[in-house]
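Paired with subunit B in one complex and with subunit C in the other, subunit A is shared by the two complexes that follow.
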Partner chain A sequence: MSELTAFLCAGTAAAHRRLGEWARPLGMDVRMVEVPCGGKVEVVQILRALLVSEGVLVAGCPADACRHLTGNVRARARVAYVQGLLPQLRLEPQRVAWAELGPDGAIKLERALGDLAESLSGLGPNRGRVSAR
Partner chain B sequence: MGVLTGCSDRACLGVDLPAGVEPLVPCRPEGLARVRSLLEQGQAVVVLSCGRELAEREGFPAGLACVDVREIAWLAPDEASLRRRLDAALTAAQRRAAALGWHPAVPRRFPAERKVLVLGAGVAGREASRALAALGCPVLLVEGGPGPVTGLGASVEVAVSTTLAGLTGHAGAFTARLAGAVSGEVSCGAVIVATGCRWELRSDCYGGLCPGAGIATVAGPFAAADVPAKVTFWLDAAPGEGRWCFEPALRTAVSMAGAGSSVYILHREARVAGDGLEALYAEARRRGVTFVKYDRVAPAAGRLVAVEAGSGRELAAPEGLIVLGLSAAPAADAPAIAGALDLDTGPDGYLQADSVHAEPVLTRRRGIYVAGSCRGPMTEAEAIRDARAAAMGAGALIAGGEIGRTWPVAVVDPDKCALCLTCQRACPHRAIVVDSVARAASAVPQACYGCGVCAGECPAKAIQVEGYADAAMLAEIGEVGR
Partner chain C sequence: MIVGERKPVESILAMLAPHGKVLLAGCGTCVTVCLAGGEKEVGVLAAALRLARQAEGKPLEVVEATIERQCEHEFVEELAAKLAGAEAILSLGCGAGVQTIAERYADLPVYPGLNTSFIGIPVKHGDWAERCAACGDCILDSTGGICPIARCSKSLLNGPCGGSAEGKCEVSEDTDCAWQLIFDRLKAQRRLELLAEVRPPKDWSRHRDGGPRRIVREDAAL
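What follows is the complex of A and B.
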């Protein structure tokens, strides 16, 4: 069972979680970390999550729909930055993913987590991981 | 590990608390006192209850984590899933509460000026002023035109031929600079922008027709006495027309048809996507109004005719009194107003509420609201609804004479602040101010939305957000090196 960390922005993702899509079993161990806005997710936090899990998903609002105007843009840029950084650390960039959640975010979040888990299954264990959860 | 406490009201919570949980009722004074005393002793406290309001009321103290057990209980499909999810939530909360990060107390209540500045004395501005007066807020209604503006009651002060030159401060304590007939500075707690939009007749799209004998526009007055025998509403030939033209045309058509006129409405699209418009359309049909859907307008034998696109067939020619649609465009001073208020204009030039996630009348700055056609053309009914919503928003924020904070805010550590102003540039809500004496930036709690965009950008790691301190977040992500 793949262990994932998901950063969920309070604007969309956490709201969807409250709507109850997690009533369905996901079939994976996901640690949800709620943040007030995607712009709050920092590079160091994404890297830290990679030390303790197999992959990281950052989920925020679609383009032009961030309540804080540019939080989603910043989050997306940081995910891209980490993806560029990982090969230098001999890690696979696919371990970090960004997901845009709209009004149908419940399905999208589930799909994004599923996609991430699937791409991770082809990679083998995370060599950068230092501890179990 | 924190002290585990939980609401002992099982009927309310809907679930039995796990073993080892100290029972208390956090919404009763004794329960609250117990939580406070534990926090004062420097203990981390996890409260299992029915929401996060406790953290909000207590000002997001470090060391307090709330788990919404009732929500988990309601949403869990079965007992095993409930226990699993409860365990996960509890572990996360304990980690978060145990990470006692740097976290100075920020006040919860701030005095607020009760006066509201309303810009624009159109439909929306007058309605907002009336609604605010009913809420007990004094209003200064500023109108750029010469007026007069009357009939709004004693608590609405009116300044005509006056414009807003600038605005400083934040929600509850704005200072507006006025220019024109009334000039000088005015203190206000909130601002409602209702400056409307510009309506213009695009004669070029209507074959050069201009208002005059036999030609009017949808905004023009129609006296009951001079209801013509034949009237043609000619709409949709110009860009910028929409239901805001269709609605007054329909309304007038219904009354004219009722008075015995034969009425034609030439349109490209029946714009009925609005409250009551479908019913109005049906009423017009019932009264014998003839709707003609055309594709383009072409000159024919010295007059204009509406033509079907494919066949080129002539459908109808405007007859009798011709009433033309008006194009809506952003007011000429929209950029100036946006500049004075530090708001954005949207891609089409209107002052828009910036985000589809915010409520429509909210702007990116707390305490500044946009109502009516200044944020996009709309019908009168829609503008009135907007104005009431904005007035309610402003009233809820400041009518009590103070702002009671229920949101987490960013806190800047002045010792770490290097005054690089990155936070000020990044802040989407214009909440960051720079104290030149302390030589540090700070977030104004009344204006801050607690989004943490500044905290994410700060190169010196000098900014923490209440409830989302770095230490608490790292603890929640997971312990390293065990």
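What follows is the complex of A and C.
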């Protein structure tokens, strides 16, 4: 059972709500955090989420489709920053992932969460995790 | 502003290895503006250190505190209220901030979390460049407001060297030739005659060559 945290921009809200119906059948325990825009997801939030979960997904809009113009660019850059930082902490960079959602967001989100969960299953437990949520 | 950058996390982890609880101190002035040591960076580093130490099996308790300025004793005093049980202090201030904290809390190890880099400006978001070398004897009046000491790779005072080509420095193609910039600025201002003036040698004793510097103003003393 993977315990994931997913930050979703408001543009993916519909997908998020649909996800609630099938997340459990997939065997995933996902904590959804809705933010106004992917650009609101800070590095510190991703790291703090890693302290209490096995992996973190940040999901935003595709390139050139951000309602706030560059929020998706910022979010992707912050995910990349954390992925670069994790090896310095002796943790696996695969624990953090970025996903671009389009009009078919629910399907892509399902796939992104599934990919993350599968990737994590090969890594074993998050050794940096300090507590269960 | 003073510009710095965080040391590699591995270096910080090595410094903190003997400790189980530390105070992580941020500074709300220069290093906040250059995104190296403000409240946000304190939060990021604290979370990163917790993750790394948990993964090592040696959990680290990190108390976070960001004060207005680490280089003034009245602000540094505020850290006392958060020091209970802390075995060391990790400062995300500049070198002056680290030393002010170390002076006030002399019974604790105080570690630098940043490398203090230079006095500079943000040329664009996420990109800072050196502008002042704190030489103690400013000559910007004669160089069109462009400092050849800080911005010329060789700190030349008498025009460009032979390595200047097409406005760029031979040390790096990313670096503008400071003397080209000075010439262009003064030409645009119709003040090129400044470059023809003969000036006495610069007094480097007012720079680091004269030893640690100090300014005393009796009118400002209490």
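Note that the second predicted complex is superposed on the first by the 121 of 133 C-alpha atoms of A that agree within 3 Å, B and C clash if a C-alpha of one lies under 4 Å from a C-alpha of the other, contacts with A are read in each partner's own complex, and residues count from 1 in each chain.
We take it that a contact is a pair of C-beta atoms (placed from the backbone, for glycine too) under 8 Å apart; a residue touches a chain by one contact, two chains touch by 3 or more.
Quantities reported herein were computed from a predicted structural model and do not represent experimental measurements.
Asker: Does the subunit A-based superposition show subunit B and subunit C clashing or fitting?
Answerer: They fit side by side.
Asker: Is A:Leu51 contacted by the first partner subunit B, the second partner subunit C, both or neither?
Answerer: Touch partners of A:Leu51: subunit B and subunit C.
Asker: Examine A:Glu42 and indicate which partner it touches, taking first as subunit B and second as subunit C; both and neither are also allowed.
Answerer: Both partners, subunit B and subunit C.
Asker: Comparing subunit C with subunit B, which touches more residues belonging to subunit A?
Answerer: B
Asker: Looking at A:Val130, would you say it contacts subunit B, subunit C, both, or neither? Reply first, second, both or neither.
Answerer: both
Asker: According to the stated criteria, A:Gly71 is in contact with first (subunit B), second (subunit C), both, or neither; which is it?
Answerer: The answer is first: A:Gly71 touches subunit B but not subunit C.
Asker: In the combined three-chain arrangement, what's the angle at subunit A toward subunit B and subunit C (CA centres, steps of 10°)?
Answerer: Once the two structures are overlaid, it is 90 degrees.
Asker: Just to be sure I read the superposition right, which of the two partners does A:Gln88 touch: subunit B = first, subunit C = second, or both, or neither?
Answerer: A:Gln88 sits against subunit C, while subunit B stays out of touch.
Asker: How many Å separate the nearest C-alpha atoms of subunit B and subunit C in the overlaid structures?
Answerer: The answer is 5 Å, the least C-alpha separation in the overlay.
Asker: Determine where on subunit A the residues touched by subunit B overlap those touched by subunit C, and list them.
Answerer: Touching subunit B and subunit C on subunit A: residues 42, 48, 51, 130.
Asker: Which positions of subunit A touch subunit C when the two form their complex?
Answerer: It comes out as residues 42-44, 47-48, 50-51, 85, 88-91, 127-130.
Asker: Contact residues on subunit B for subunit A in the complex?
Answerer: Touch list, subunit B to subunit A: 71, 75-77, 81, 85, 88, 92, 354-358, 364, 408, 426, 428-429, 449-453, 455-457, 465, 468, 473-474, 476-482.
Asker: Name, in rising order, each residue of subunit C that touches subunit A in their complex.
Answerer: Answer in residue numbers: 8-10, 40, 43-44, 47-48, 50-52, 54-56, 59.
Asker: Provide the residue numbers of subunit A that touch subunit B in the complex, in ascending order.
Answerer: Touch residues, subunit A against subunit B: 5, 11-12, 18, 20, 22-25, 31-33, 35-37, 39-42, 45, 48-49, 51-53, 61, 64-71, 74, 78, 130-133.
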